[in-house]
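For clarity, chains are labelled A, B and C in written order, and residue numbers in each chain start from 1.
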């Protein structure tokens, strides 16, 4: 009964149907702790490889494992649905970047960096997405909230830690290399670009 | 929102630097493209291929102020940050033009006080965040760029309880035991009936034998349940006033028909 | 671009992310009607075969296609969710066993046997489960319904006829053998025992 192939199918069924991130501990419970974590990892690795040539893939995330569709097929999948997923404005993405790269950070610090007052809708959007959270208060007048990104943010970007974020661009070089490159237009046009930029 | 800003962009980009006249709507759209004064400044610097570290502050200030003035003349609502930046730029410009303020030695302390350096630092930091935001935006995002797998579980409703035949047997067992207890209650009811019956028997005996010693009314050979029923019957007869129960000086109990 | 393997991966990603039945028409839209239904069917068939040896399977339903976990892994998947398997209350079990062993039986007779009035939810539960049915009416005032177990009940218990139910214990014996042993308690404790009795 408990042979490798059987265990593998059970894990596969669990990971595919869970609709959530599944960690090793949960899988251990499924097998009533009769299978070691190393063995589980080995099998998960094998499952992961099995899906190399498929339309979906298994992600290792900070808090466990989860299957997702491969991003390169998203433009097709979108055609199944009448509404297209929302894209975030530059203001939202800039705010998110500041929180991601400078966390923990106050609203005031975000405003200083961007040079504009922050619209509370922007923060609200990020809260609602579950990507940011309040992690404390700064010892300043008004005790401003300190914002940080959540593990959900990492999950939704398919990464395990902040270190996997693209490194902050080197300022001098970046500035020089991009003179022929209009950053303003970028966001408006990127709708169809995701596939190309791979 | 998306009233083809790209075309407007091209008009703006070709027309603006030399001839600053642009149609009011275009100017408004132009402003909307920027995330704030830093963004607009970066655009102006980049547009002219200027080195951010050596920004000719007078030139860039002039351009910036011209845009801001144009928008104010046209009553385009302008965030206060844009006006503040205009003031900052003008101040830097005036200070840079004053030789005393630019110390020849150019030591570190002066650098820190140099308002131009402060502006450049902010511009660079903002440029960095802009690019980081761009890179972040390029990363696959759940929902926008991929979906989590969502597969039907075979039995999506709450799992129904399973039973096996043995469960039924066990339940039946329990039921039987309980009904056995219930039957014992029936026994008692039966006993009640038998009490009534025994009451009649006692009355019959008393009618025949007259007053009787309490113990003479018991036939212990008939077993404990008979004794109990008989005893209850006597008490019941007494309670209902059908017999009188008396006791003499020697503690002997006598039962006789009620008068 | 539109080669067989690419199309297959796209269809796979669509079917696996949809959590709904997807039909050929929807898939045709995904490919902007550039692929014939026959071709789509052929590819879907191939995907279906690919999953023969996996923990999930592709179902062909009346209105389209849908992936599901293979039923044989359901018991494992259930362990992912801490909810314990549902159990019927003692009242339901007693009512069911009276109907099973004394059928056809009226509600009144059940009440007499159990010594308490019967909550209509109990009968309802058994009806909904498809385990009991009305087989007639007793010639009594009010024409009470006669209840009996169904063939579905036999199926679900894995037996072919009522005769395969465990024999009713002899009342006296049962009483004698169990005087030191509280059967009622036993019933309460059997929650964890079902697996053992298999």
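Operating definition for what follows: a residue touches a chain if its C-beta (ideal position, glycine included) is under 8 Å from a C-beta of that chain, and two chains touch if they have at least 3 such contacts.
Owing to the predicted nature of the structure, the values given are computational and were not obtained by experimental measurement.
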- Item | By mean Cα position, the chain sitting nearest the middle | B
- Query: Going by the average position of its CA atoms, which chain sits the greatest distance from subunit B?
  - Reply: C
- Task: For subunit A and subunit B, let me know how many angstrom lie between their CA-based centres, rounded off.
- Result: 22
- Let me have the rounded angstrom distance from the C-alpha centre of subunit A over to the C-alpha centre of subunit C, please. 38
- Query: How far is the middle of subunit B from the middle of subunit C, if each middle is the mean of its Cα atoms, in Å?
  - Reply: 31
- Message: Multi-chain contacts only, two chains or more: what residues does subunit A have there?
- Response: 16-17, 19, 56, 67, 69-70, 77
- Message: At least two partner chains per residue is the criterion; list those residues in subunit B.
- Response: 147-153
- Query: Which residues of subunit C touch subunit A in their complex?
  - Reply: 5, 8-14, 16-19, 22, 26, 29-32, 53-56, 67, 69-70, 73, 76-77, 79-80
- Once bound in the complex, which stretches of subunit C touch subunit B? 16-19, 56, 66-71, 74, 77-78, 83, 85-88, 90, 93-94, 96-98, 100-101, 113-115, 129, 156-159, 164-169, 171, 174-175, 178, 183-184, 186-187, 190, 194, 197-198
- In the complex formed with subunit C, which residues of subunit B make contact? 147-155, 158-180, 182
- Query: subunit A touches which residues of subunit B in the complex?
  - Reply: 2, 5-6, 9, 33-39, 43, 46, 49, 52-53, 79, 81, 85, 122, 124-153
